[in-house]
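Each chain carries a letter (A, B, C and D) given by its place in the written order, and its residues are counted from 1.
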Amino acid sequence: MMVEKFEYLSKILMETFEEVGQKNPLGEVADYIPELSKADPECFGVSLVDLSGKSVGYGDFEKKFSIQSITKVFSLSLCLGHFGEKIFKRVNREPSGNPFNSLVQLEKENGIPRNPFINAGALVISDMLLDIFDDPKQGYLDFLQDISNNDNLSYNPKIFTSEKENKERNAALAYFMKSYGNINNDVDRLLDFYFFQCAIEMNTMELALAFRFLANHGLVPHSKNRVLTASQAKRINALMLTCGFYDEAGDFSYRVGLPGKSGVGGGVVAILPQNFSICSYSPVLNKQGNSTKSIQLLEMFTSNSGESIF
Amino acid sequence: MMVEKFEYLSKILMETFEEVGQKNPLGEVADYIPELSKADPECFGVSLVDLSGKSVGYGDFEKKFSIQSITKVFSLSLCLGHFGEKIFKRVNREPSGNPFNSLVQLEKENGIPRNPFINAGALVISDMLLDIFDDPKQGYLDFLQDISNNDNLSYNPKIFTSEKENKERNAALAYFMKSYGNINNDVDRLLDFYFFQCAIEMNTMELALAFRFLANHGLVPHSKNRVLTASQAKRINALMLTCGFYDEAGDFSYRVGLPGKSGVGGGVVAILPQNFSICSYSPVLNKQGNSTKSIQLLEMFTSNSGESIF
Amino acid sequence: MMVEKFEYLSKILMETFEEVGQKNPLGEVADYIPELSKADPECFGVSLVDLSGKSVGYGDFEKKFSIQSITKVFSLSLCLGHFGEKIFKRVNREPSGNPFNSLVQLEKENGIPRNPFINAGALVISDMLLDIFDDPKQGYLDFLQDISNNDNLSYNPKIFTSEKENKERNAALAYFMKSYGNINNDVDRLLDFYFFQCAIEMNTMELALAFRFLANHGLVPHSKNRVLTASQAKRINALMLTCGFYDEAGDFSYRVGLPGKSGVGGGVVAILPQNFSICSYSPVLNKQGNSTKSIQLLEMFTSNSGESIF
Amino acid sequence: MMVEKFEYLSKILMETFEEVGQKNPLGEVADYIPELSKADPECFGVSLVDLSGKSVGYGDFEKKFSIQSITKVFSLSLCLGHFGEKIFKRVNREPSGNPFNSLVQLEKENGIPRNPFINAGALVISDMLLDIFDDPKQGYLDFLQDISNNDNLSYNPKIFTSEKENKERNAALAYFMKSYGNINNDVDRLLDFYFFQCAIEMNTMELALAFRFLANHGLVPHSKNRVLTASQAKRINALMLTCGFYDEAGDFSYRVGLPGKSGVGGGVVAILPQNFSICSYSPVLNKQGNSTKSIQLLEMFTSNSGESIF
């Protein structure tokens, strides 16, 4: 990206960040897991990185938070890169039209989740990942450290324990799919690995760095490692656009116009292919479970800058 | 678009058209309306037009066909341009996760359709359009003739009559929404207008021309008439990407990577913002009700040319 | 029934009627049709008739009211008596598990209603009845006049008109089933006949008389006319028990223990096979659409008298 | 029951048994648990016992089999007798309208099962029973031994183990309800107790004896122990009639006209209040999971004898 354009985007981002920061966001910090509810509702930060490595951050952009469902993009990328298209025999790639942890659709469609970004789909993806690593947790961290150019990532053991103590809904999803033959591993082992992923902590700059391969035809810009083929990267971007925001995917796509993914920890990451990645963090969530301020920021930023895929 | 690029795309399109044309498509011509079932399964044509007006067509690209659900994009554009965002109080903009004429979702969500591209949503949009024209059918044709630069458009009276004689499902949708207070006009009058829209006939070149304002920030390239604001055009593109292909929207987005819309008449139109629009026609449909060959053509064309929004 | 038993039941009924009459029932008069909302919420009456013809009535037991869904029992009896078991190819006989006018189940089961006592099922039954009479409305009244030993029955034209003006939901059901091929007649003609049935007016004594054939092996006690075989009568009783109270069928069966049927006009009829029929009327409805006082009365009466099928 | 009537019923039962026994039943032995699939499809037996203790059995009436879901009636009786009506805050008493192990309804109704005779409801009941016994399994067997006048009951450890090895669907149900706060105990402990109940083995004579308290106002005829009040017994009978046969409850009620309960082990028990209980066994199941021959036998027996509650 030319220096002028980067500076132009940085300036618009700064102005947008200030404007959104002054609003009092409607919503609540996630409380379905006690440990998550301890997040500071005042926190707000954003980072933007272009493909050449130029970066800018505002506010609490270095505050670590639980990446939660954002991890589903990393898991899908790892899995698609390793197994290829055949993974879509076990998980579809259609928007769900239902809340993120619904069992209704699973029953109607014989245990095949609608897409890899609802919990059921991510459990199936995790079930496959268990088979490609000797030490799945370490393998997963190694991958994240490579793409974020940061060998100091870890998970939050309190969040991890809190997730495990509140495993009921995900246990129900996993056992339900296993009853259809769509989970191969032991459910407790699967949930342990799944909650580990959700409990990984990163800040907005690390996440923005880590998503750049999706804006760069599947190639990690700094290391030149190929995670995905160009075609696979394009396809994951399409999936993020159609399925990345739970039951609000259509609305996010409509208002923001960038492929992205949110997590109930309060993070939202989005990319503009061939241009940049951007990550915002604020733990106050709207009723769909997406960060209120982060979505406002991205909507205003794309409107003000005119940057969108459409 | 530079001449070189246009010629490059034309060449790839020609090669792709020939390759797909040799395949025997799986599927059937639409038979839910008797008149539609008379389409010639051998027909196959495609047109591409860039924003400067350069165009190319192959095969039966001038064969007229029933535009069917493609008309939903025109209706939404007219309606959004006229009323603005408030139309989304009566229709949502989320993917449906259900077949195009399902009533289940309507019941769950109190008569508010999931999006304007399922039948229920298009009926609500048509209900609004009835109030903005003295002569809704003529007003609708006038609009289409402007954006397609063609004052010789019409509808097929046999298809129109055939639709009316098989109105049951759409009548059920309309009465159901009226029971929730979400249809204002008389149901018979509404269906008459709705079936008229579906029965309009255009060829691939006319449709490609007519979609260009969506690739051009809402401005019709040849007439400079503004149909939508830049922001509204972007938003309709986002809706096409997430909801344009019924229950196959995610898959189309995943494989093709362009905003588009299909109709059971066999047409598929798609655009690349700031670049071109493309329309393919072949009446043989897959089980989701989308043209088998047209989708194959678009998938191969975007793969071979590397053109996509992602 | 022995005189002593009849006098014993009459006395318990009187005491129960007085006790329930002093309560202020929770709920509202039906308002989904404006004309129904004009019923007097203070009205309360009950009649009991045994198979020998001994009868007793309390309160407003001669007040005429709109029989509404109670008519579904008469329609089913006529239809089953005429066509026999083959009617169950077009309508099932399972509890619905959904509100009385839901379309969800219809979509899941391809236009076959769950049972003849939900609206969709009654529309299918009415569609069949249209074919067995030259003048369906007169034929229907003739039947009712025979079984109630009363040649002075009629319908309320204001209720009838009010139903027609609010036909949307039933029109949606009828068109939806017609789209599956499960309605043969013109929808407007069908609805006209259906609303006529709902608008018929009877009082509690007339209804109690009219239901006696179901407590008497299918034979009308006073005229000795056979409406149904003994086996068919038993089966309709079973259907009333499992499906007669919309989504509250299980609860009514659990608390009252008699086969019966309610209508949103405020009437509830029930029978004890080989013994008696009983009909109560009070237009204040609970949230399931059943008469609050009438259900209380029946529950207390069966508890106090020890009369039940279980 | 008078000797003449008992002998009359015995004779009809014998004739019916012989007639049904000659038919080749449509269907399959249960195979969802491997151990169940080993049942001998030729087995067929029936027992009838009246309230005075007169009994008769035909065929394999002393063959032990897995009582499976029939145990749900015993569990509900124990639970209702112990806790009273308040148990219905945690489980409804409406027919389900869905297959016996569906999660759809649970999601729609916030983790409250539709009735105690679907798996979800029985799990909730079992969760309550865990709290009333020091040794729940022994307490449960003690109860069964009392009501069946037989101190030699046990469970089949192979079936029990087979159930545990195929626990996925029930584990999903239990975790799902626990996510709504409607299961208090540890899921593994709950499933252990639940599968124990399903694996209990009895023959048709033992089951017929054990059900007599439900035909006798809640009082065990031989021991005079009171399991339930008269009102509670009536209510459980009502529940069996409306909900005792999964998605076929309406049909069973329609064709047989007796309250009853079936199990996938092949047993069906039914009662005629104040008269008798009857139990039939044949392991070949129809597609709803009910014993084909047993249901045929009961239907023919009630038709031929004229005995029914309706």
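Keep this in mind: a residue touches a chain if its C-beta (ideal position, glycine included) is under 8 Å from a C-beta of that chain, and two chains touch if they have at least 3 such contacts.
Keep in mind that this is a model prediction, so the values were computed, not measured.
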item	value
Taking each chain's C-alpha mean as its centre, the one farthest from chain B	D
Chain C and chain D, separation of their C-alpha mean positions in angstrom	32
For chain B paired with chain D, centre-to-centre distance based on mean C-alpha positions, whole Å	56
Distance between the centres, which are taken as Cα means, of chain D and chain A, whole angstrom	48
Multi-partner residues of chain D (each touching 2 or more other chains)	none
Graph class of chain-chain contacts, one of line, ring, star, complete, other	ring
Chains that touch, pairwise	A-B, A-D, B-C, C-D
Touching residues on chain B, where the partner in the complex is chain C	102-104, 106-108, 167-169, 171-176, 178-179, 187
Complex contacts: residues of chain C adjacent to chain D	92-98, 105, 114-115, 230-231, 233-235, 237-239, 241-243, 247-251, 253-255, 257, 259, 273, 303, 306, 308-310
